[in-house]
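Below: a set of structures, written as C-alpha cells.
Look at the two complexes coming up: chain A is in both, with chain B in one and chain C in the other.
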Partner chain A sequence: MDKIVITAASRVTEASVPKARLGARFGRMDLASQLALLAVESLGIDFDGRPRDRIGICLGAWAGSLSADLEFWGGRDAAGGPSPILFTYTLPSAAIGEIAIRHRLTGANLCLVGKDTVLAEASDLLRRAEVEACLCVWCNVVTPALAEMIQAPPSAHASALFLQRGGEGLRELQENDRDIETLCAAFCAQNSTS
Partner chain B sequence: MSGVAFAGCGATTAVGCGMDALRSALRANASGLRACARFDLPRFQSCVVGAASQMDTGSDDPAWNLADSALHEAREQAREALAAIPTERVGLVLSTTKANIEAMERLAEHRSCSEAARRHLRGDYLACDLAAAHGARGPVQCVSVACASGLLAIQQGAKLIQRGAADAVLVVGVDHLSAFVVAGFSALKAIDPNGCRPFDRDRRGLSPGEAGAAIVLVSAAKMSRPGITIHGWGGSNDANHLTGPSRDGSGLAQAMRRALDSARLRPEEIDYVNAHGTGTSYNDAMESTALRAVFGECCPPVSGSKGMLGHTLGAAGVVETILCVLAMQERLLPGTPRLNVAAEGVPSDCLKQPRPVARLRHVLKLNTGFGGVNGALILSHG
Partner chain C sequence: MDILLSELKTGIIETLRLEDISPDQIDDDAPLFGTGLGLDSIDALELVVMLEQYYGIVIKDIEESRPAFKSVRALAAFVQAKRTS
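Up next is the complex of A and B:
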C-alpha cells in the first residue's frame, strides 16, 4: 500500500471572504461554502494533469448547515416566500457541490457533521483506492444569530488539506494525525515563521 | 470485499409503523401519500405528502421519535446477532439532512421547545443520544450528503466493520416532515401538486415524506447464516449543478460502474435496480439515461419507491435499501406506486406492479442528491 502524503494545507477565516475574487457565483453562496471554497483555493493545487474523476472530497461541518438554515427560515414570511437560492445551501454538504463544480472533480464524496473526524475517512478512501487523491475540508461556521440558538461561540473559519497516494509533499500522514484543523494550524504556523 | 450482512431492519414510514406495514405495502404496491391539513396553506405548493401519521404530530422532537422507533425494531430483529457483541464494539451511523429541524421552527417562533429537542437540532448530538439509548458505545458518525446520505451511511457502517472499528453498526436514517422542507421545495417549485409519479409521462415533481429507518449491520462471519450482504458500492459527483442532475447521466453511470467493479460483477448479473426516482422531470430522465449507459438495451427491471413513501431525504437511502432487502426475502420485484403511463425513454422493464421472481441474487440501489452527489450500492443474497 502506498503511503498517504499531505501535499498542501491551508486555513482561512471570514476576513478573507470580502477580498476573494472568485466570480459572481461566489457572492451568492452561504458563508460555509465561501470559506470551504476559499480554503481549497488557498491550497494552490493545479488540478490540470490530475485525474479529476479520481479526486474525492471529504467535508467536515462542525455545525452542519444550521447558520444557513436559520437565515433561510428567517425569510419565511418574505413577500414571494423564502429564497430558493438560500434553500440550496441548507444542506451541510452544499460546499462539496461548489468545490466539485469549480474544479470539475467527479470522485467520491463524504460529509460528516460534528467533530473534526473526517481525516480518518479520507485516508480510508485512499487506502481502499476508491480515490487517488482527496480534498479534505473542515468548516466551522456559527453566525452570531445561531450562536445564541445552539449555545455555542460564534466562529467562521475553514481548513483544507490535499492528500494523495504516494509521491512527494509536505509530509506523510501519520496514524496519530486526528484532525484537519490541528494539522492545518501547525503547517500555517510553520509557514509564517519560515 | 469482506462480508457485511444485514441482521435486522426497522422502519416507520408513511405506510405505517414497522416492517410488517412496509412488507404489506410492497406486496400491495400501496402508496402512503395523502393530503395533510398541516400543509394545506397557500405558501406550500402541495399538501400531498408522505406523513408517518401514526406518530405524535405535536411532538417537539419528531426526528428522535422516528429514529428511536425504527432502532427498537431493528435491534429486536437482530437480537441474536447483537447478543454476542459487546456494546463497545457496536457503532452507530446516523443519516440525516435536517435532523430535528422542528426545534428551529419552534425557537424562531418563540414556541415551547424542550432541551432535548433543541439539542437534536444538531445531527451529531442526535446520533450520540441515539447511540447511548440503543447500546452503541463504539464509533458514532453523522453522515449528511443530501439525498444520497442513506447509501453513504450504509457504506460508512460497512467500512467501520471492515476496518475493525466495530463488529456491528446500527445505521439509522431519519428526516421528519417540516414546514421548513416543504417551504424550501415549494420555493424551488419542485413539488408535484397531485403527489409524485416517478417515471410517469405526466410527472411534475416530488412529494416530501418522512421516515425513520434502521438497519443492523454485522460482520457476516458473526451470522449463523450469511443471508443478505453488502457486495459493493460506488460514489461520484456530477460537478455540474448544485440542484439539478447532469443531463447526460454520466455521474450516476460512473457511480454504478464503480459499484459493479467493487462487487466484481458484470452489468448482466444485476437482477433488479431500485432507482432514486424522485418524480421530477430532470431526475428521472437523467437516471434513465444513466441506466442505458451502463446496461445498454438489456436493462434489468427497474422501479422506484417514492410514490409509496414520498421523498424521505436523509432516510431515503436507508428505507429504500430496506425495501430491497424485503424484495430479496420475498422474491418479489417491487412496483412503482402511482406510475400510470411510463414516460418516453424510461427503461423498457420499468415495473408498474410488483412481480414475483424465482430468485433475486444481486440488487443495485441508487440515490442522488443536491450538490451532484451520486451513490450506488449492491446487495447480494447467499
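Up next is the complex of A and C:
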C-alpha cells in the first residue's frame, strides 16, 4: 500500500480567534469549532482539484463538548431558556460539520472523545483506502468553568495535520507517531525557526 | 419606530454574533431568512429567545408569528403591537 504522508501541520490557540476572519457565521460557533476551523484554515490546503468526497475528517476532542454543555446548562434559568445556537454545539462532532460545510468535504468522518487516537484512526481510514486524504484535528477546550468542575487545567488550543496516501510532503507518517499534538508542535517549531 | 428598528438590528447582531456587519448595513425591509441576512432556522429560534429576553414577548406558536420574522421592519411592528396590546 502507498505510504501515508504528512503534507501540512498547524497549531492554534484561543489568542488567534478574535483576529480570524472566516465569515459572518464564525462568531456564532463555540470555541472548539472556532479553533478546529482555524487550525484547518492554517494548514493552507487548497482543496480545489482534490476529490472532496475522498477527503476524510478525524476529529479528536479530549473533553468532547463538555465546555459547551456546561455553558448551555448555565442558561437554563434565563428568560426564554438557554441559547438554541449553543445547543447545536452540545455535540462533540459539531466542529466536523463546520469544517465539512466550509470546505464542502463529503468524505468519511469520525469523532473521538477522550484519549488521543486520531492518528491511528486516520491511518486506518487511509490504509483501508476509504479516503485518499484526511484532515486530522485535535481540539482541547476546557473553559475555566469546566476546569473548576472536572479539576483539570484550563485549555483552549487545536492542532491539525493533513495526511494523504502517497505523494510528497513534510515527511512520512511513522508507526510510532501516536500523538498529534506533539507532532504539530514539532512541525510548527521547525517552521518558526527556519 | 426608528429607535426600535435600530435597537432590533443591534440586538440581532449581538444575539446571533454576526461578524463584520453593522446595524446600518441591515436594510429595514430586507428578508431576514434565505436571502438578505441569510439567517437559518436555528437563528429563528434564537430570535424567539431574544424577544423574550429583551421585550418579555413569549411566542408560543412560531408558525402564527412567522410574518413577524419577514424583515426587521415587520419584527419592529410586531414588537410594537405586542407592547400596546
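We take it that the second predicted complex is superposed on the first by the 194 of 194 C-alpha atoms of A that agree within 3 Å, B and C clash if a C-alpha of one lies under 4 Å from a C-alpha of the other, contacts with A are read in each partner's own complex, and residues count from 1 in each chain.
By definition in this document, a residue touches a chain if its C-beta (ideal position, glycine included) is under 8 Å from a C-beta of that chain, and two chains touch if they have at least 3 such contacts.
This is a predicted model, so every value here is computed, not measured.
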Subject >> Clash or fit, chain B versus chain C on superposed chain A >> reply: fit
Original post:
In the superposed arrangement, does A:L70 touch chain B (first), chain C (second), both or neither?
Top reply: first
**OP:** For A:D30, select first, second, both or neither according to whether it touches chain B, chain C, the two together, or no partner.
**Re:** neither
Subject >> Larger contact residue set on chain A - chain B or chain C >> reply: B
Original post:
Put chain A at the vertex: what angle do the Cα centres of chain B and chain C make there, to the nearest 10 degrees?
Top reply: 80
Original post:
So, A:G81: does it touch chain B (first), chain C (second), both, or neither?
Top reply: both
**OP:** Look at A:T106 in the shared chain and tell me whether it touches chain B only, chain C only, both, or neither; answer first, second, both or neither.
**Re:** first
Original post:
What is the contact status of A:G114 with respect to chain B (first) and chain C (second): first, second, both, or neither?
Top reply: first
Original post:
In the superposed arrangement, which partner chain does A:E181 touch: chain B (first), chain C (second), both, or neither?
Top reply: neither
Original post:
Touching A:D124 in the superposition: chain B (first), chain C (second), both, neither?
Top reply: first
Subject >> Smallest distance from any CA atom of chain C to any CA atom of chain B, in Å, after fitting >> reply: 7
**OP:** Indicate the residue numbers of chain A shared between its chain B interface and its chain C interface, in ascending order.
**Re:** 81, 83-84, 88
Original post:
What residues on chain C touch chain A, complex-wise?
Top reply: 16-21, 38, 42-43, 45-46, 48-53, 56, 58
Subject >> Partner chain C, residues of chain A touching it in the complex >> reply: 21, 23-28, 78-81, 83-85, 88
Original post:
Along chain B, where are the residues that touch chain A in the complex?
Top reply: 43, 97-99, 101, 104-105, 107-108, 118, 121-125, 127, 141-146, 152, 156, 159, 163, 179-180, 183-189, 234-243, 251, 254, 258, 369-373
**OP:** Using the touch rule from the top, collect the residues of chain A that touch chain B in their complex.
**Re:** 52-53, 57, 61, 63-64, 66, 69-70, 72-74, 76, 81-84, 87-88, 90-94, 96-98, 100-101, 103-115, 117, 121, 124, 128, 130, 149-150
